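Two complexes are shown next, each including chain A; its partner changes from chain B in the first to chain C in the second.
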Partner chain A sequence: MSTTTERRTTSAPPRRTVVDVVVSALRSAPLTIPLILVAAALSFATSRFLTLGNLENVLVAASIIVIPGLAMTLCITMGEFDLSVGSTVALTGVITCTVIADGAHGLVGMLAGLVTGALVGVLNGLVITRFGVTPFIATLATMVIVRGAATALSGGRDVIVNDPTLKYMAAGRPLGIPMPIVLAVLALAVMLWVTYRTRFGRHVAAIGSNRDAAHLSGLPVDRIRLAVYVMIGVAGAIWGILISAQLQKGSGQLGLGFELDAITIVVIGGTSLLGGHAAVMGTVIGALLIETIRNGLNLLNVPPAYQRISVGLLLVAALAIQAIRRKAPVEVLDDKP
Partner chain B sequence: MTSPDLTTAPTPPASDPSRPGRRLDFGSFWDTWGITSVLVLLVLVAVATTPDFLAISNLQSILRESAYLGIVACAMTVLIINGAFDLSVGGQLALVSVLTLFAYGVGGTGLAVVTALAAGTACGMVNGFLVTALRVPPFVATLGMLFVFRGIAYLLTQNGPATLPYTEVDSPFAQIGSLNLALVPFPFVLMVVVFGLAYVLLRRTPTGRRIVAFGSSPVAARFSGVSAARIRFVVFALVGLAVGIATLTYITRVWTADGAAQDGFELSVITAAVLGGASLQGGRGSLVGTFSAVLLVTVLNDVLVAHGVDASYQNIILGTVLIIALAIDGLRTRFAGVNLLRRSFGPRTPKAA
Partner chain C sequence: MRKGTTTQMSEHDPVLEVTGLTVEFPGVRALDDVGFTVARGEVHALVGENGAGKSTLLKVLGGVNTPTAGTVVLDGNPYSPAKPHDALVAGIAVIYQEFTLFPDLTVAENVFVGREPVVAATRGIRYGVMRDECRRVFGMLDWEIDPDARVGDLSVSEQQLVEIAKALSVEGQVIVMDEPTAALSHSEVARLLDVVRRLRDEGRSVIYVSHHLEEVFEIADRATVLRDGKHVATLDIASTTEDELVRHMVGREVSSVFTREPGVPGEVVLGLDGLSAGRILRDVSLDVRAGEVVGIGGVAGAGQTELTEAVYGALAARRGSMTLHCERYAPSSPADALRAGVGFLHEDRKSAGNLPHLTVAQNVTITILDRMRGVARLLSFAKERETYDSYRSRMRIKASSPAQLIGQLSGGNQQKVLLGRALAPGGDLLVLNEPTRGVDIGAKAEIHQLIGELTKSGVAVLMVSSDLPELLGMSDRVVVLSQGRVVGRLDGDERTEENVIACATTGRRIGVAA
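Right after this comes the complex of A and B.
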């Protein structure tokens, strides 16, 4: 184990400063320019876009989605997906709100939510690593199960709460900065560190590049995969807590389709679906881009249907551009001999 | 990687002496008939515990209900065997439903049927184009198009869902969903026909052989001159066509559609295919299995509803069934394993028959 680590460390590039990491990560995020263009266009199109209050709305929305997005980045870097994260949002919201509605302190409710998320992650991880079920299918099944559990627990009704601690998570302003933004910045710092600076992050990328090779070089592959699924579970729980804090309710219907949102921001951010390469800053830009577009379309009174269409087209276009730029088939789909 | 019993590769000509006969162990039995056995078991339980299960009307409603899921799951199985999958079928179903209802309002039954088939195929071709010409991975291409198709369906129904007016109850179009052919619901007949055609396609045509070949080993298929892109494009278009056919049976049963129609349909479809034994790695899948899995899901829902089980528990049970089925599969490959079985029973001699 230790020899493996030493070999890896010596072959790794020289240590970079934080600034280097951020700059190179920004450069590797292909969406920076589209984001600037969209923001500029919106500033001209509507006077309401470039106001402090509105920009804050965009940032808060992007912050809420980026937390699970960052965990999903790690999972996709490993070459896998977690489709159950939207259901984790629902279950966490229901459990947090139920515990609070039963008279517990807000913190206890949130802790219960976080534990729930971690347990969903353990469930995913165990099914995937112990039973050898494909992640796509395993998390598809847990997605259905977990949402079913959320609906069953809430009896199909909204669990409404009015809790100052929970409210603080959505509306609180430590140092004048909205709480979701604070959390997102913390999450980003942790994820940048984990992904680019720790052994764990390198191991995740190694599994993504070639799982068999990673296994043969002695990495505890299954334990790492399990850990990543637990991280997504916890991130999904934070997502659920923030959403139910905003709405002051939990419901089995929350977070429908959220898994696709989370995957979308990661993929348009430039993290390869084939695994092995994490674009952490790309995910941040992806979240900003999606939320800017949504916000802009709202301000321009464009029907929500167009938001769906534009997100879908953006996703496809981003990947098509990636594939064309790489000039290599994304998979072995080459017609010519 | 391909042991004969793990693939749906077309049976090679009998003159090939080097190939051992079909092995009869638990593994190969489970692969082909596992889910069907579970279905039989479930039906026995249903008959024993649910008084009205065997009523003609209940059986008819199960078969009618299974048709649209089955038709799409059949095409999806072919696509999964080819090594891809389509997450946009729910969006396609919503969009094609809306368009079909509009077309019926304009031009009656004929135009509606043509529209359903044409619109479905067109959706499939868009996916195929993205995947083959623009080389977008199927997961992302079809995920993006799921948003797009649903978005367009929402857009078209902004002023309220598209509906089939109640006055049309006797029109030939509405009959598609309600007609019975000698007690068998017409949608189910359509589903059987679709499965039959898919079987013939996979087993009896060169195209089918290429679909399987590319799914089992893309590299080998390429070296033997299989045009992967063209084949995959065709399969995506076929999935679209299947959605078109399924729409006809779906929309004439529910009579209304908007952008939210059949939310999560893609997951039921993939679940059915995977329960039936299809592997998302490609090259492996079973039409018989998918057929049984579709009926299994529908029967399970029917039984749970009959016993008054809440919809949320239905989902929990369905998801658990899926995980158990896959865990059995995964554990078998890991522990029992084809190798272990071979070792315990020695090398097999080709069977005479």
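Right after this comes the complex of A and C.
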């Protein structure tokens, strides 16, 4: 949150341009400073951090995680969350690789993966909206079911492929830019547009802000919720495809604990778990911060277990900060015109 | 014989003395220098209009609200509970209108919640002791119920008895009942009154809050009347009449009464024919014409909210039918109602109105976002701002900018924003539930003026209000509900506070066949 950013938004012109939207989104991402600090510290701590190759690694890792993170941002803005996204990664990976291993074209395999993700989303959405199951329990159940399905389909073994199309998703470089980064930028553009400039995005925020009031304002609350779960399902499928593309295999063991990563980057990015407020750019910064920390700990040869502890601590800190902010007295402005 | 001795008792044996009690909330004085005395073995009724301060008084006695000034003396000792538990320990048991029972626990567990007898060594609950005590207390109430029954399986009146058992079990000296008969059937009311008599005969005191004056006359020894947070009178029931009590409840200064110029009603916009909805609303028929305000009165919970929600499609009609512009109208959701041109304001701004994370402008435009789209179907912030600006000047909304969050406005301005939302779809029927609740006087006058302007332009308004001067001042016609049914249709000179209160509380009917 640089001071120039602040100054520009306070004197915002009446017409909000795309730049203003990005700026105000940036303002809601107070993580920028820790990100810079961590990056600076790592640059001093190890000479291997500040190299083009390593920074690209960080960016690619952040790009892969930010795609589901952006969908999760919408879900959390709605006041709900989806625990099944890590299992969706496994199932789409297995299905994509199985279809490809059976001889289909890589694009067909990926399409099958995307459809799978969408179906997981439909399942979540229907259980939650038709039967009124709380999202926590419903997606916890789906998480188990979907991972079980992934393991069953793969017969508990890795489904290994060697497909150029699939490989291109991870290692391709259109215009010299790694494919995951291209996809993430596209996803970011879409999500900024959806969240801040469409009726749908406004409705999502309204539902997260006060669901009863949203219903009484005539919003198709359940339809919107269902749509958000489908979006997360598809985003989870893209995640699964990218991971399988990197590893050239599908497995029931992929994506374990990924749901927490996705939720963590959203929450540390400043989107309130209680809903109502979306910090899309915050999620981007959150992804960069987490992947920078992971990368740095790797470079410093910290064992993976400690990396997990540090991500967990980051989540606790972010939640504590949110809770403290909620308790802070709300400034009620004067009624003067 | 008993009633003759009451006054003496109150002088010689007071169990509860309230003096100079004042409770202030930001901007409101809910209780203002209230004093009265309750004698041992007395049933003391507490009556007054909605908002007279009864609930606040009960909450002070129950340790929920802390008074700003004044004292309460219980059994000769100063009494100032800091939390509800203190009240129980001191011997004051308050039975709130909203039950405080746990539906999944048993009767015995509910009676003993928070003070379960335990085995010292293991901290295990002594269920046997709990059951025995329950049976003892239920015996006093002449009620046979299994202490192990699940409370959620009981009827509302049985749940009420569980609350009373809880009060008896803590050896409450003073038992406070807030509208205990609100949810009870006729025979259940009789049984409850029997229990109250038995409590009194045991020497306990009962503070009985009720809107139903018949009950007050049947059960109470004395009645204290509150109005606008002030003590008006304490009357001996034996030597007073319903009319006198009603007069004390009303007695308002004429200056605060607002009057809207009566309009020239046009064609029927909304018609209800035998509408039943929700748990309470039964067989309601009425018309609302273009350019008029039809006011709905009654004590809280008489079906007003169900009526507005049914018209708005938020509550399904069980029986009966509605017409809008003489065409069949059966909304299955608020979205249907909005499409049909029905604007709606919910009584509870906070829980069902405000979108607290959204700006004032976004709060106004939420129902009409399809009209806020510009290039490539993107939301046009310019259009939103334009729309908001037009409502801001029309409703005189005072906000620092369109981007201010709605929660940062005063209650009155929040209400104006929500009224703007109700108007935004541009329909010709407005359903307003308590349009000025929790709103300061200035904003109230502005909202009243706005409703006047709307009706002049031909909008039909169905307005629920528990604020009698507002109800009478704004409405062309008043329909009074009691327990979900229409009990009064007041036109012209019949629109008086006395008539509304009489219909709402005494079972009198005006303009309606009995």
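FYI, the second predicted complex is superposed on the first by the 309 of 337 C-alpha atoms of A that agree within 3 Å, B and C clash if a C-alpha of one lies under 4 Å from a C-alpha of the other, contacts with A are read in each partner's own complex, and residues count from 1 in each chain.
Basically, contacts are C-beta pairs under 8 Å (C-beta built on N, C-alpha and C of every residue); 3 or more make two chains touch, one makes a residue touch a chain.
Just so it is clear, the structure is predicted and the values come from calculations on it, not from any experiment.
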Problem - chain B versus chain C, judged by how many residues of chain A each one touches - result: B
Problem - Contacts of A:N210 with chain B and chain C, given as first, second, both or neither - result: second
Exercise for the section: Pick one for A:V267: touches chain B only (first), chain C only (second), both, or neither. Expected result: first
Practice task
Answer with first, second, both or neither: which of chain B and chain C does A:K167 touch in the superposed model?
Solution key: neither
Exercise for the section: In the overlay, answer first, second, both or neither for which of chain B and chain C A:R48 touches. Expected result: neither
Handout entry: Contacts on chain A seen with chain B and repeated with chain C across the two complexes
Key = 330-333, 335, 337
Problem - chain A - residues contacting chain B, complex - result: 127, 131-134, 136-138, 140-145, 147-152, 156, 252, 256, 260, 263-264, 267, 273, 303-309, 311-316, 319-320, 323-324, 329-335, 337
Handout entry: Residues of chain B defined as touching chain A within the complex
Key = 130-132, 134-137, 139-141, 143-148, 150-152, 154-155, 158, 218-219, 222, 225, 227-230, 232, 259, 263, 267, 270-271, 274, 279-281, 310-316, 318-320, 322-323, 326-327, 329-331, 333-334
Problem - Residue ranges of chain C in contact with chain A within the complex - result: 312, 314, 333-335, 337-339, 344, 346, 351-358, 362, 366-367, 369-370, 372-373, 377-379, 381-382, 385, 398, 400, 403-404, 407-410, 413, 421
Handout entry: Parts of chain A lying in touch with chain C, wherever the complex brings them together
Key = 12, 14-16, 193, 196-199, 202-203, 205-206, 208-210, 212-220, 272, 275-277, 330-333, 335-337
